[in-house]
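Structures for review follow.
Here chain A shows up in two complexes: once beside chain B, once beside chain C.
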Partner chain A sequence: MTAVQPSLGESIRRAIQVRLRPLVERWKSFSQTRFGSMVARAFSTNAAWIFLLLLVLMFIFNFLAPGKFLTEFNVRSMAENVAVLLVIAVGETFVMGTGGIDLSVGYVLLFSGVTSAQVMNWGGKDPTNSGWDVVFLGFAVAIGSGFAWGVLNGLVVAKAKVPALIATLGTLGMSWGLAEILSNGQDLRYLPSIIADMGASRVVFDKVPLVVVVAIIVAVTGAVILNLTRFGRYTVAIGSNQEAARRAGINVDRHLISVYAMSGTLAGFAGFMSLAIFTTTTISGHANDNLQAIAAVVIGGTSLMGGVATVAGTTIGVCIPMVLFSGFTILGYQSFWRDVAVGAVLILAVYTDQLRRRRRERR
Partner chain B sequence: MRIRTVTMLGLALITVAACSSSATTAPASAAAKNYNLTLIQGVAGDPFYVTMACGAQAEAAKEGVTLNVTGGNKWDATVQKPVIDSVTAAHPDGVMVAPDDSKALLSPLKAMSDAGIKVTFVDTKLDDTSFAVSSIATDNLGGGTLAAKTLAQLIGDKGTVLVVNVDPGISTTDARVKGFQDEMKNHPNITVLDVQFTHDDPTAATTITTATLAAHPDLAGVFATNVQNAEGVATGLKQASNTTVKTIAFDAGPKQIEDLNNGIVQGLIAQDPYGIGVAGIQQTVLALKGQPTTATIQTQLAAITKDNVNDPAMAKYLYKATCS
Partner chain C sequence: MADPLLQARGIVKNYGHVEALRGCDFDVYPNEIVALIGDNGAGKSTLIKILAGSEQADAGEIYLDGRRIHVGTPFEAMRLGIETVYQDLALAPDLDGSANLYLGREVMMPGFLGKLGFLDNRTMRAGARKAFGELGVDLQNAQSAVANLSGGQRQSVAVARSVAWASKVVFLDEPTAALGVIQTARVLETVKRIRDRGVAAVLISHNMRQVLEVADRIEVLRLGRRVARFDRKGATIEKLVSAMTGGIAEEGAA
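Our next item is the complex of A and B:
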């Protein structure tokens, strides 16, 4: 009797199995410990993987540009430059968690900045030395403008049943056009100096810009609402299966309106932050804020189909394009390479997410 | 141990003394330190800024300094701010920058200057130029005047004219429009319509042109304040198959020269971006060497029409899409 000779492929497969078995066994026993299960659970989400990617990118850029990339100045600049985007991305996370999308955020931000600045310039007098009352009024108008656009978005999506993509594309054009009409295409260049001081001020040992602290507070609040409150659970429940949510007794229409209103309000808030940072209405700016926010949310692991949303992921998702942007600029690469890199990361992030999802379903 | 420290200190002192004395006695032409400079364009890929980069690159090679060129993909202060911050982090010795807004970019550029980087404004500048080495730009007010005079001549000194501008708050284009409007006050038979803004988007310029033609059939002339707008206006006139409206445009990119030759545009007010790039390097290097600089430099303009476009004297005013 002669033994059947295994094929080459078969023997390689067996060899790998034999080698890998102890590793797999060790991982299995590790993942049964309390700490191990935490690690395992963390890496089953996108947020952990992209956090790893963020660290790797920072490590690479710091290696290629030692003493330039991971400096106090550059880290602070990058944080300051993502602060406004993070605030609108938090709102976008909720909207996308319901399976919707909000394209209007960038121009609602612009509109809110314009109305706010106009109110503070009321009567044509120079507002540079205006007091806190004027600043507070301007802040309230920014928030109110954003809220109004958000409610309109919500009503059109929830009640009129217009697809979110079209509804918010419509309000994108409307808010942009109205911002132009109100301002006559002219940037409002005079604001109370209190606002400029807020934009320039630093807290925590005089190191962290105030706008960054504010953005972090918004993100943490958003994460708490999403993960620990009924509002958050309803948001992902609707995104997961709207009909099921409705039958479970959730007032889906009202909840959708609230979510879009929240996104609009945050955009209004971000508009006021933008006034503080740039000390003018930057009418020619913010054109791509909506797509940047959506990219950040998707890179962070929130599903385009709804039902899965993570504010922590979004926060990292906002940082990755900025790290690439800054890193490439410091290394002196032509500016267009930054867009190529960000685009590639976006696709990679969604692809790995899909892969993991498929593996989970197969199990 | 102590003796060694003292000896080292002494040696160091001698070296410093030697260095400083040799620096003062060395002839001015001696190759300076290899300075690292960066040019931040107003928007990347635009023939005007490409030509400026060509001039800067050529002058940098001549002076023996290294030049890096970067810029945002859009004329937008919110896009340019992170570019400026990253360049500050990279810490070159000197930066030439065309700020996209005269106010919004004050704090990042001030931070750049405070970090010890020499800052020179090329083309556009900030409202506050106190910390800049030099501000080099076209005489834009004069350019606007030149545009008005040329257009008035083309349309026989009467009719309605339209001004197509980029965005408010850009020092250069604002000055062009002011020069144009001021000069037109001397031409009582010409009506100047309200300025239209396009956000540097050629499609918007096209729409504005066709819409204005519909509203004002007596439109006689258009003044486009930059390259993107001129391209959009040309497309708009083409769409309306209009051949009577005379267009005068700022800038002389490859497309504008083609349009001029094809009779789509009748006059071009050309700046000298190559010269701005050259002067930018010169002023920045002077500042780094601790030599006196010129606070404001205004470069020349030329009115290019079909009659003089092939004149060799005009060649330096034509913008390039690539350097060679």
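Our next item is the complex of A and C:
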């Protein structure tokens, strides 16, 4: 008898192992270093991979459409289009971090914009030349409307124990219907010129739209709260194991109400931003905001099951559909390809999250 | 013997038509490990949940240091110095060991930042390292989510959390159920260390050998009542099993 020959597959596997070993060793020693462990930890989450995907997409589009995609104009308009969505997605990140979901954000945004615009149009007089007092009132109404819907969502989820999916589907319908009733389905086009100026103004060497700066401030604040404060810690603790949080003495109901209230308030804020950008209530323009926000949050690596949430991921997750949309449009493809691609990425994101969960369950 | 540290008298708890506890008594003395044993459905877990505040008794009284107490929530129990290690661990699996140890009791940054709600993660990590070190738990990666730890390490985190905060009593509901030999020994060692720190430990276990090994005293529940009490010296596996299964008629007869 001759010695048993290793099969072809086996020898290939061995060859690969031999080749890869130095690389693996180098990676191991690298990941022991302070910087290395940071990198390793970053790539154990979805956010880093998604960021890589974003860079690759931008590279590809820039390669296919040189001088058209990464222009100052195109980048600015992409950022402007993404600003409002980012604000509601930050709130959504907290909600989904608790293991919940807020379907109502897009229509709470709309409702807040409508009530805000109507208050500024009070008495039927043209508000174009109104002063800061009227603007401030409109702002307060937008914030207050969003806050009220958010508190309602929170109460229904936390106290009445209605599943978040249904609770916020209910308030979605209610806020949508009421927005249409209040406005008679007509867009209000007259707003104080101060608001329009704000929406059009640019800062930082006159290049970056103010609304983009505001959205970035919201995102950075959200990231700080989520990662560094007790509020953020409780948010993921509740999403990770609500019962454990309750037993640890955390007032889970109150915290859930706060999180939904925050999401609603940010939606109200986004409603006001939308007024500033479009200088009208854009009643028919927010049909998909909620799903886009949720998709962005999930693509960014926040777990559908709760317990893991990242605002940085969400920010990238908001950008990817926008880059796809812009890229496909510039290349002359139908922009609906974006929806196809985003759908696929969404499924992939949730699939990898499930894989990660299953892997660790086996330990 | 000293006065009991924790006393339960005539605890009744019904779940619909099921009588989980029917006038159950229970005593814990200072500086002891008392084992609470009984067959499945005897009411051990229910009793612990009531004493730890996560369930409410339908009737009965609880005394701590001779004073009648009302334990309406787990939080109240914790404030009284009563901690529980639950069977299902009650950890937040996505958070790291330090975050779990300090869950609900976070250390805040000093001054203004703390008022704003900023966490002092550095202090908490140092405290966690110390607390885990005391139990001989070596968490190689302290910043790794608890879900990534082995079953034994997870259990150690849960035990460490209770021990770190308890000043009177720690309840341990089947703390070694999911553990290997070495980790079981380590957890039992921890239980002894709890006692040596002047805190009473109540151990629920199905493992009679383990009970006889670590417990100073043993109380037996059957069908929602206490039916027997043993000192470790007077107890044998046969006597315990017999009490659990009804071989001994009622308390006091033994």
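Convention: the second predicted complex is superposed on the first by the 347 of 363 C-alpha atoms of A that agree within 3 Å, B and C clash if a C-alpha of one lies under 4 Å from a C-alpha of the other, contacts with A are read in each partner's own complex, and residues count from 1 in each chain.
Rule of thumb we're sticking to: contacts are C-beta pairs under 8 Å (C-beta built on N, C-alpha and C of every residue); 3 or more make two chains touch, one makes a residue touch a chain.
What you see is a predicted model; the values in this text were computed from it and never measured.
Visitor: After the chain A overlay, clash or fit between chain B and chain C?
Guide: fit
Visitor: If we overlay the two complexes on their shared chain A, which of chain B and chain C does A:F325 touch? Say first, second, both or neither.
Guide: Only chain B is touched by A:F325; chain C is not.
Visitor: Of the partners chain B and chain C, which touch A:G285 in the superposed model: first, second, both, neither?
Guide: A:G285 contacts chain B only, not chain C.
Visitor: Please indicate which partner A:G185 is in contact with in the superposed arrangement: first for chain B, second for chain C, both, or neither.
Guide: The answer is first: A:G185 touches chain B but not chain C.
Visitor: Angle at the Cα centre of chain A spanned by the Cα centres of chain C and chain B: state it in steps of 10 degrees.
Guide: Apex at chain A; the opening toward chain B and chain C is 150 degrees.
Visitor: Kindly classify A:A83 by the partners it touches after superposition: chain B alone (first), chain C alone (second), both, or neither?
Guide: A:A83 sits against neither chain B nor chain C.
Visitor: Of the partners chain B and chain C, which touch A:A200 in the superposed model: first, second, both, neither?
Guide: Touch partner of A:A200: chain B, not chain C.
Visitor: Please name the chain, chain B or chain C, that touches the greater number of residues in chain A.
Guide: B
Visitor: First (chain B), second (chain C), both or neither: which does A:A312 touch?
Guide: neither
Visitor: Using only C-alpha atoms, work out how near chain B sits to chain C after the chain A superposition, in angstrom.
Guide: In this superposition, no C-alpha atom of chain B lies closer than 37 Å to one of chain C.
Visitor: Please output the residues of chain C touching chain A within their complex, sorted ascending.
Guide: 54, 73-75, 78, 84, 86, 89-95, 99, 103-106, 108, 116-119, 121, 143, 145, 147-151
Visitor: Show me the residue ranges of chain A that touch chain B in the complex, using the header's touch definition.
Guide: 65, 68-69, 71, 73-74, 77-78, 80-81, 180, 185-187, 189, 199-200, 274, 278-280, 282-289, 322, 325-326, 329-332, 334-336, 339
Visitor: Which residues of chain B touch chain A in the complex?
Guide: Residues 38, 44-45, 68-79, 81-83, 85-91, 100-101, 103-104, 106-108, 111, 115, 167-169, 197, 199-200 of chain B touch chain A in their complex.
Visitor: Under the stated contact criterion, what part of chain A meets chain C in this complex?
Guide: 41, 225, 228-231, 233, 236-237, 239-241, 243-250, 303, 307-308, 360-361, 363
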